[in-house]
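By written order: A, B, C, D and E. Residues from 1 in each chain.
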Amino acid sequence: MSYVKLEDIWKEYESKGKKVQVLRGLNLDIEKGEFVVILGPSGEGKTTILKIIAGLLRQDKGHVYLRGKIVDDLPPKDRNVAMVPQNYALYPFMSVYDNIAFPLKIAHVPKDEIKKKVEEVARMLRIDDLLDRKPSQLSGGQMQRVAIARALVKGADIILMDEPLSNLDAQVRVLAREELKQLQRSLKPTIIYVTHDQIEALSLASKVAILHEGVIQAYGDPMEIYREPNNAWVAKFLGNPPMNVLKGEIKDSSIIIGSTKIELPTKFRSIVKEGQKVLVGIRPEDLYLNDNGPLEGSVEMVEDLGPYSIIHVKIEDETIRVIEKSITRRERGEKVKLSIDTSKIVLFDQESEKNLMLLQSKVESNE
Amino acid sequence: MSYVKLEDIWKEYESKGKKVQVLRGLNLDIEKGEFVVILGPSGEGKTTILKIIAGLLRQDKGHVYLRGKIVDDLPPKDRNVAMVPQNYALYPFMSVYDNIAFPLKIAHVPKDEIKKKVEEVARMLRIDDLLDRKPSQLSGGQMQRVAIARALVKGADIILMDEPLSNLDAQVRVLAREELKQLQRSLKPTIIYVTHDQIEALSLASKVAILHEGVIQAYGDPMEIYREPNNAWVAKFLGNPPMNVLKGEIKDSSIIIGSTKIELPTKFRSIVKEGQKVLVGIRPEDLYLNDNGPLEGSVEMVEDLGPYSIIHVKIEDETIRVIEKSITRRERGEKVKLSIDTSKIVLFDQESEKNLMLLQSKVESNE
Amino acid sequence: ISSQHHVTPTTTTPPTMTSTSSTTTTTTTTSPAILNTSNPQVLMKLVGLTSPPSTPVTITVWDSYSTSENQAFNETLAAFEQAFPWIHVEVTYGVGVGTSQFETAAEAGKAPIVYRDTSDSGGALFAAGLVLNLSEYLPQSITSLYLPTAIDDWTLNGSVYGLPDNINYIVMFYNKQFVPYPPNTTNQLIQIAENVNKTYHIWGIAYGASQEYGYRFAAWFAGFGGNIFTTTNGQVYPALNSTAMVDALNFWYNLTYNLHINYLAPSTGAGGAEGQLFIANKTAIIFDGPWDLNAYLQALGPNLGAAPLPIVSQTGLRAAPFIGSTGFLIASPQASGATPMQIKAALIFVLYFTSYQADLRLWDVAHDIPANVQAYNEAITELNEGKLQPSYLNSIMKGILEQAQYGQKFPNIPQMAYYWNSFHEYASEFFAGKISANAAAQGMEQAFVQSLVQNGLLSGLPIFPVLPPTQFLLIITAVLSPLIVVLPRRWKW
Amino acid sequence: MIRVRKKYKISKIIRLTISYFILLVMAFFSIFPLYYVFMTSFSNSPSLISLSISTLLPKHIYFTAYKELLSANLYGGTFPLWIRNSLILAGSTAIISVLLALITGYALSRLNIPAKKILATFIYIVTFFPYTATAVPLYLLFAKLHLLNYIGLILAYTPGTSIFAAFIAKLSIDAIPSSYEEIAMVDGLSRFGAFLRIIMRLALPVVALTAILGFSGAYLDFALAYSFLLPNVKAWTATIGLYYMAGLLNPASAPAYNIFAAGAVIMGIPLMALFIVSQRMMTRAYSSLAGVKQ
Amino acid sequence: MRKDKIYPFFYILPILVVTLFLFIFPLIYSLYISFTNLSLLHFFKYEFVGLKNYLIIFKYGYFLELLKNTLIWTVGSLVTMMLLGFLLALILNQSDLKGKSIFYAILILPWAFPGFISLLIWQGLWVDPYGMMNKLILPLLHLPKINSLTSTTDAWIELIVTNDWLSFPYFMTVFYSALQSIPRELYEIADLDGANALTKFLRITLPSLKKTIAFVFITSFVFTWNNFYPIFILTGGGPGISTETFIVYAYEEAFSYSNFSLAAAWSVISTIFVIVLAIIVIKYTHILDSFT
């Protein structure tokens, strides 16, 4: 049974007389104890989803189920969910202790019990020495931990997080990410986490849901989606540097990309038709600089990033990104050849931009 | 001759009665046409350096030279430098056109000349169709381009940039980076670029200057510093995930790390003494999961980031990060063995934390 | 901002001050016209000039005339400028009775050279040294040009400090629609008022209880046999705590709260509540001065009547209002920075503007009661001949002039300044029902005494030690020391 | 669950009903005296103490008060002239107040001035001195300096508004990133130029607020204008003029409250329009007060 | 000194000069005058009399009475107008309220109308029984009539209601602005935690506005303490001196009785009171910290 379920959620905003349809029949099913990251570009409605789950907004259509029960008419306070908003929303005039204790005080929990609980959760998050401070005296990372502590202290087992790391320094963010992961591992709450940063999504999620145009485009294991994206948009959106997506055509059991010809991997044989126009998705890490490679181009730009380099190779009209581990010494303008790990390429229909492989399996399962 | 030169710059701030010595005898020499990235953690004084170059702040001690001339007493407007501040600082009440034209208007350039110049630079930066908009109607990337256009339009050949990409979405940031690089290549201004994001530093810089404790810790080709960091701090700071730095000791032409013994590469033979305590720096990408490797540990955590994965391996008491290209399927707790590309390891003195190799070459060159 | 309009009379010291009802002439007093102060030659000679000076002289004038009075003033001014082309007059109109304005300006040395004010305020200014002693500049004979009552008001310790252009006091205005005959006694007054109340359902009387309370009440106080001051061994002492005061207070309290025939109005005059009620036919009788005549005339026309205040039936004494006067003063050189020649020009100005012709013009245009003897006589003649237009005005003016017989001297000793507030404070508490009439009379007396003591006009205050200024620096420091609290602990300059 | 929703709806209706009720009552309370003046200005027989309730809904509307007010000539002064004077005076005061407030706010916010805290506290506390204590000394001082004129008035009006506004300006400028003016300086403006052209523009809500407060302060003042300008009828401001025009300070004139009311309406309308137009700016300016550190 | 250390002074200079001339000079002058016997009787030849004026005030003046009145006036006005302003701000701040801007525009009008004229209008409105207040409004609400001539309580009601009318728009605006700048997330989080409207108000709204309230309170406290027009015009301090405040008294002393030195002493005493009170508040709330 799903623990959090969104069923055909529609939501429209009206601002200055203009109506904006933000969510358009969104469905999402989350199991207990999962860490689901909703990933999507800015302004696509991620915060809106969280607010609808929390009951702070009401959907125009559709239903929200929590713990198997419909909650459309329950006010926020009766939904027993906790939330860490985008900017933490710590009460600036309360000490850390009071911030964390706030939900308990409202619930009229006895004083000493509050004290016990707050101290416990503070210890767990290593903020027990900060309890006397005001939020303005905290660093970003500490604020985040306080916000999480406040969410945890109620004992709500569904926690909604709205880009909790977006205000942190790169360095701190890495640490915070690791912490969060540990936390989820030990307490096992159901976390719905919203972000537009895919590194976060990939490194945190047990499942990732990719939001675009008001619906979930892809939902599942992040690496699965990474490997086998539903459609070209997801393919390009997920991964940094993004997947190279090239136009191609199927001919004679090969894929013709411009003037290059690549062998069609066997798994696609039954799926594509002769002459079908496709989009070929190749991850930058599945391309290798290789003097015997079939693709030929010239180096346009090299980005040395330490652990790996990104090489922009211009092939005919298109620029392809290639990842090479460790430091490269390619020069701009240098001619290079590339080979492809064809087992890893993904094919999309050129018109619908849908993943042909998944389309096929869906057709199959429907039959 | 150096084009921008900072000579023994000291700067102290005072806030709430406490004095903070931010810059402590900083020296920096920048050639014409270079793209220098000043990289340092937050709050180390990067912005301060830019402001001192621009003349917005006055150093307490030391001198600033621009184009070979001392400019300590020149006000900002006479230094002929351009600046792209951290938040772009586009005037919200002016259109894009007026924003770009502003420096020219101040200089009382004739109207039609302004128009010509603005349009030219706008075309170059592909914002010529945005000229009528207000900054609030621009996306982050567009804002950046407008800010750069404003910097370029004056024709100043020294451009100071203060973390111009820090407010952008991850996706956009990659594109913006590429653009900036292209731009520098075609116009050849001298760019001094400040950031705390090392990906940016590594991918953009023709030279990188690493700022820490008020002085430049390392200055030079980014990959050189990456490979051969001056000291353990730089080693750990540069690179993401950072370099693994382990305590070791030289014994019998080997490096003893805990209970593991690694052969001492020949290049270090003449440098280290028997029994010397060292810090051994190993980049995560120079470690390989290899069943025959000398190091043994258990997987503590795996972060799949798409193009590569970071595997945290616990060896005795220390956690080591290892990069593996592409997606890994190691499980938590799994026992693994690691081999090291010993040719790439770096040795530091355990006490001074200085790079032994560079120390040696310095001694030599001094002799 | 002062909503307080009209005279708040202040100090003057007359040679004789306790005369209850110094009778004023109603019939013509033929005085030999020795001086024609409208004649340029005469005036030049009076101030000791044989010929006009070679350079023109400018004098500044603050005038306090009302709109209609200014019509007359402007006519006189035109004539004056023709007669004295070498005197240039800069007039500031409508200052009101800005005594405090004048004082502040004087302190800055910017006072106008010529200033128009009431006699009592002028007396205070004279006592303070802000205005000239005209007796030092003009022959004694000029006093005979003015009504004795008027010029007395302008005399302090035998020195004349200003020249009057009118006299004024309050009278009883009534509405003939409601009041069949002007009441001659308070019993009649009550009877008429009760009748009005019953018949027309309007107020019999409206009596303003504003800041000017004391000025108006003085008339009734006198009617009940009271005196504001007594003098023992040359020492002036307040005499408010008397049965007269208690009776007078109770009389009005009775009319207001027991008989409900008097409306206790929050503001006085034609602009105030009492005047508006009168204008709107909502009250039959009010007590007000001729300065508001025009407003009532316009509203009531032939229905307006004027008569002297009635006789207080309990005592048989007339209610006697203060007889005041308004006139011109010349600022002392210290206050205005005037040159001797400007002073001379100013003297010519004040004489000219209080001359027969000037005063008569005021009478004709604005019905001011002349202070100039000749003008006064002329006015009486006109009235007797019924020359005023419209004709019902003649009887009204007669009624007004008749009151002058029953007035009382306006005390202009400096002590008088402290009467107003002392009286007002306790009278208003009495009418608010907070204290009894006895307590009010006692309280006002005590407050009066205290004010006098505080201002050094009555002995009784212990002598305070005068510390040297250095010690005061210490006190100032102590006083300002709370400021230290806000200073940060570690302050850095 | 439907009941929960219903309950919520009912409580919402109750809440809104109470709100509208209070708003209507208060709206009536605010507008009643003004409506009263407005009606008085169109009446023929003037009285501020309305003698009948029917004054509130008059059968006839007279423009006599306006005609008289606009055509009357008091010793060379006319109401339109005084209004013009008032506008000039108030406008100048507004401009100077804005400059002073923003310069001070800028200095407090941005510049490193020794003993800034003490200075600011001191300046703040100094404004606690009442008018009764400062009026006479000020008059004397200005008389000595030959400043009993518009310049003096503007000088005297400015600080009251400015000091209060400077604190709000300080808070607003705190919220403006300094890079805005820095970039302008790098682009060729001096610091003061950047202040004038960039900071003032970015702090527009405070500029508007200060301007309004400065304007209305000077526009409505009576006491100071009275003591400074009295001798010169042609230099009077509308408030003084109106006072005399309506005969309030002139005991011997018939009171003309309808003229007074007409003047008040003429004076009040531009001011009210100004307030209403800039209410959003004001709200924004004041909200920087809430941004103070907790 | 270096140039960049000097230029800040040019920015602070204008306000310093202005303060010096317009506040410090008059203050010192008043202080000085309060130690002399400057009055109409000693106009050009006044002399130093030390603390005499102060001794007179404490010995013969109505010091306690005036202090009590001033406190009633200041606290009474301030508390009611702040509550009123706050209530309206809260009402206007409801997101589902329609016609907000119209109501706001109407409610702000008293602030935008020439104040001295408003006072005169109110003076007329209060006249018993002819003013509209007593004739129409109060009977309509079944409230007793108000006559400031006959009752001290009535006089205070009249003064405070009028002053409320004059000033509530200011407080409404300030509080409304402040309310709007409270982040909505704070309330949303509290909603999730189950806070009811009252709890949210007490635990979020009030604490968020603490500083604003404190700042507005001090500033307005001083303003009201020193504001004498309403009293001067409406009751003139009566009946008796039961509505007279320090400032009204000082004003009358100076401008009606020309006893400048005594008036100065009263002003000084009054000022010391406000300053001490204000400093305690400033110190306690640290309100000025954010402004400096």
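Here is the rule we go by: a residue touches a chain if its C-beta (ideal position, glycine included) is under 8 Å from a C-beta of that chain, and two chains touch if they have at least 3 such contacts.
This one's a predicted model, so the numbers in the text were calculated from it and none came from an experiment.
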Practice prompt. Please list the single chain whose C-alpha centre lies closest to the global protein C-alpha centre.
Written response: D
Worksheet item: Between B-D and D-E, which chain pair is linked by more C-beta pairs in contact?
Response: D-E
Fill in: Intercentroid distance (Cα basis), subunit E paired with subunit D, Å
16
Fill in: Distance from the mean Cα position of subunit E to that of subunit A, given in whole angstrom
57
Response to the item:
So, in whole Å, the Cα centroid of subunit C is separated from that of subunit D by 38
Worksheet entry | For subunit A paired with subunit C, centre-to-centre distance based on mean C-alpha positions, whole Å | 91
Worksheet, complete the sentence: Residues in subunit A with touches to at least two other chains are numbered 75, 78, 92-93
Worksheet entry | Set of subunit C residues in contact with two or more other chains | 1-3, 107, 273, 483, 486, 492
Worksheet item: So which bits of subunit E are touching at least two other chains?
Response: 116, 120, 123, 127, 130, 208, 210, 254, 268, 275, 279, 282, 288
Worksheet entry | subunit B contact footprint on subunit A (complex, rising order) | 41-42, 169-171, 174, 178, 181, 196-199, 202-203, 222-223, 226-227, 237-242, 283-286, 301, 303-308, 310, 312, 323, 325-327
Worksheet, complete the sentence: subunit E residues touching subunit D in their complex are 7-9, 11-12, 14-16, 18-19, 21-27, 29-30, 33, 84, 87-88, 91-92, 94, 96-97, 101, 103-118, 120-125, 127, 130-132, 135-137, 165, 168-169, 173-174, 176-182, 208-212, 215-216, 219, 222, 225-226, 228, 247, 250-251, 254, 260, 263-264, 266-268, 270-271, 274-275, 278-279, 282, 287-292
Discussion item. Could you list, by residue number, the parts of subunit D that touch subunit E in their complex?
Written reply: 12, 15-16, 19, 22-23, 26-27, 29-34, 36-37, 47-51, 53, 56, 100, 103-104, 106-108, 111-113, 116-117, 119-121, 123-134, 136-138, 140-141, 155-156, 158-159, 162-164, 166-167, 170-171, 191, 216, 219-220, 222, 239, 242, 248, 257, 260, 264, 267-268, 271-272, 274-276, 279, 282-287, 289-294
Worksheet item: Along subunit B, where are the residues that touch subunit D in the complex?
Response: 14, 51, 54-56, 75-77, 79, 81-83, 85-87, 89, 91-93, 102-103, 106-107, 150, 154, 160, 162
Fill in: Touching residues on subunit C, where the partner in the complex is subunit E
1-4, 8, 11, 99-100, 103, 106-107, 124-125, 127-130, 209-211, 264, 266-267, 273, 277, 334, 414, 417-418, 421, 424-426, 428-429, 431-434, 450, 453-456, 461, 464-467, 469, 472, 475-476, 479, 482-483, 485-486
